[in-house]
Amino acid sequence: MVLVALLTGGLFLPQWAMFIVTIAFAKALVALGLMILLRAGLISFGQALYYCLGAYAAGALGRFLGIADIFVQMLAGAAAAGIAAFILGFLLAKYRGIFFGLLSLALSMILYGLLVKNETLGSTDGFNILPSTLFGTRPGPAWVRYAVLASAAVVSLGLALVVHRYLRTPLGRLAPAIKDNEIRVEYMGASARYAVHVIYVVAAVLAGVGGALAATTVGHIDPDMAFWTTSGEFIFITILAGTGSVVAPFAGALIYEIIHTTAYDLSPNTWQLSLGAALLIIIVFLPQGLWSLVSKMSTRYARHP
Amino acid sequence: MDGTIYSAWLFTAALGLTLIYGVMKIVNVTHGSFYALGAYAGASLTGAWLAAGYPPMLSYVVLLVAAVLVAIVVAPLIERGILRFMYAKDEVVILLITYALFLILEDVIKLIWGVNPYFIAEPYALLGSFEVGGLAYPTYNLILVLLALVSGVGLMWLLHSTRVGKLLVAVIHDPEVSRAMGINVHRYYLATFTFGSLLAALAGAFTAPTVSVVPGLGVEIIVLSFAVVVIGGLGSLPGAALGAVIVGVVRSVSVHYWPAVELFVIYFVMAMVLAFRPRGLFSLAEPRKI
Amino acid sequence: MPAILDARGLCKRFGAVTAANEVSAAIEKDTVVGLIGTNGAGKTTFINMITGYLKPERGAIEYEGRDITALPPREITRLGICRSFQIPQLYGSLSVWENMMVGIGIVLANAGQGGFFARGRIWDTRPVPGYGRPAAEVAEHILERFGLADYRHRNAQVLPGGVRKLLDIALTMVAKPRLLLLDEPTSGVSAQEKFGIMQMVLEAVRAEGATVLFVEHDMEVVSRFAQRVLAFYDGRIIADAAPEVALADPEVRRHVVGRARAAHA
């Protein structure tokens, strides 16, 4: 039902709004991954690594193989990010707190350092992505944005449901326990490292899909997608949204994109200032994120219908 | 030679970061903002000084004054106004708070100085150049090396040979016990934050004559400083020196022999150190948990 | 009676301190054993070695006929050895109920019952291994046993000290341990409450059929509840006997009991 609403609603959006919503979906997927990491107490300052990897995997498909199908691109993004995270996860799953953050930062900066000097991949300028196709057909110019948006909605909904189900499994419930007391987790017979490794790979896959989606929506990719400020943006969305529900990152990303677009047009030089102030206010006064307002309201409503 | 200069510059920039972490356990992203603020203040004050026709040789003093001004005005504002309420929070949360402050300061800089670049090349050209092995180097670079040496040695001296420094070492070791013994821990935090930020502002101010001062300076330097500090060991002063030397050497070697990996190698070394010695090359043992 | 646990010649040093010096003990199934000794005598080191937190430099630990000396804590736990902690180790941000559910989730997952693709509603219907009943019923049962049912919605962080202690022990029960190690279960509990709490804990634990080792400083509690006493001094076991015999031993009186009295006076 949500899907039908999204798809029909999307039909009535103007082109520029379709763009914003699609980008919001892409960033929300990354934030969704950061959310499940955050539930385990881990903050990655390098999630841009997988976002960028997903985007370049999608771009490379078009550049070297001529494939521009949206779903194949997203699959490639997911695979590239997932494989990289599986390998790097053996290392990262041992780390917590500040060291997890710094190591993930270093890893994303490594990719950035490689891409800016790589001529084949366009170095600092990056390169353009082929116009998207859908199951071998090329939608007319009026329909391209809608086709991408619809695909983004379908994939996001599917992934959100998967994550929602994961959160209810024993492994999903283990995350806050790892955050609280890892010693106890081990003495209850579970491996925190294994759990963190799984969460890390899932988060990376989500970021990879998000990256591929962003690439095909914007039509251009460059190494800045791996720079640490990109990771900062994702952390911002995640903290803004909170960890209460899989819906939260999507709401957070949409709010972020709308504010981004309007505030940036109104006053490009105070845009970061407002972001910083908002982040500060959220951390101090709403440590559970904006979603905690929603859940508070719904419990109140449940008590006094 | 390039490596030495680069290392010296990195060392000055990163020293304050490791000091602040060592004392306050804050991974301080605003360090990059102080670097940028120092660069802007240095560039505009020196520009005004030279435009007014004052003796150019004194412009070095103006750079110094600019950095000090930035540190004593902005650092206490941030530490007293915001950070001191956050000390009870988790290290990672404080890191996010300094990131928020960093975003705010980025735009404050744009509001004050605009987005156009500043150039002040006079102090750079003024001292002429010298030759090493047939290659000419601007003498100004020696000032950067000198600055690094003075900051490093000065800080070591402060910590190990003065009463204040020894008390600070006590605070580092155990803030709770220090507080119980009547040491005003908050005053030390304020002093540390201001002094650490001063080091960043100094690095920024003295870099200003060698580059065009544009928005985004802080964004670049903060990740590099992280790399330096993490390689040496968070909170270790000799570690920062070692980290700066390693990054400087690795970078200049790669610039000469394999320019394609210039940035890559720096973060690769950082990742390798984290992988094999997570607490850096100069690290302390972890305490037992149960 | 067969031994459930057999420790032989355990040695462990921390720098110049010898925390375990040729420690050997065989624990029979279905007994309650008290560990006594002053702080630093080696009791907690003994427990830490059994549960895999510390590896002995020499010696071997056999559990149900299997060598567990080299295993990590989580695998030792999976074999049925659980422990509680001197300082309760809880999930502070979660409620008492969620604390139990995390534990039951681990048990389900370790039994291959809690995977992502497991069909049906895991929490409502899957029987928990060892109990044969669904998760909610098991949690309810254990909380009742430990008198914690009224606290179920409270956050673990804000519980009173004694309740935290009980929850810490209750959490070990979800895995249905066959050997349970209690590290000072009554520390921080007032003298009047000690007996009641110890009584409740032992009843709950024995009802599930666990063999118990407990560390205790109060000699009255030890003589009342332990069937056998291991007295530690300077990294060695200086007495291993029934409580009345062990507590009357001159060496134990000099090194352990006397000091315990002095400390309590």
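Lettered A, B and C in written order, each chain numbered from 1.
As a working rule, a contact is a pair of C-beta atoms (placed from the backbone, for glycine too) under 8 Å apart; a residue touches a chain by one contact, two chains touch by 3 or more.
Remember, it's a predicted structure, so these values are computed and weren't measured experimentally.
> Return the chains common to the contact lists of subunit B and subunit C.
Chains that touch both subunit B and subunit C, as defined above, are A.
> Work out the mean Cα position per chain and let me know which chain is farthest from subunit C.
B
> For which chain is the distance between its Cα centroid and the global protein Cα centroid smallest?
Of all chains shown, the one whose C-alpha centroid lies nearest the global centroid is A.
> Whole-Å distance, subunit B centre to subunit C centre, using C-alpha means?
50
> Determine the centre-to-centre distance between subunit A and subunit C, using the mean Cα coordinates as centres, and give it in whole Å.
43
> Using the average of all C-alpha atoms in each chain as its centre, how far is it in Å between subunit A and subunit B?
32
> Multi-chain contacts in subunit B: which residues touch at least two other chains?
Those would be 290.
> Which residues does subunit A have that touch at least 2 chains other than itself?
Those would be 183.
> Could you list the positions in subunit C whose residues touch two or more of the other chains?
Residues 89 of subunit C each touch two or more of the other chains.
> Touching residues of subunit A toward subunit B in the complex: what are they?
Contacts found on subunit A: 43, 91, 95, 97-99, 101-103, 105-107, 109-110, 112-114, 116-118, 183, 228-229, 232, 235, 239, 269-273, 275-277, 279-280, 283-284.
> Once bound in the complex, which stretches of subunit B touch subunit A?
Result: residues 27, 82, 85, 90-93, 95-97, 99-108, 110-111, 115, 219, 223, 226-227, 230, 234, 259-268, 270-271, 274-275, 278-279, 289-290 of subunit B touch subunit A.
> Quick check: in the complex, which residue numbers of subunit C touch subunit A?
51, 72-75, 77-78, 82-83, 89-94, 98, 101-103, 105-110, 114-116, 118, 122-123, 171, 174-175
> For subunit A, which residues count as touching subunit C in their complex?
165-166, 168-171, 173-174, 176-177, 179-181, 183-191
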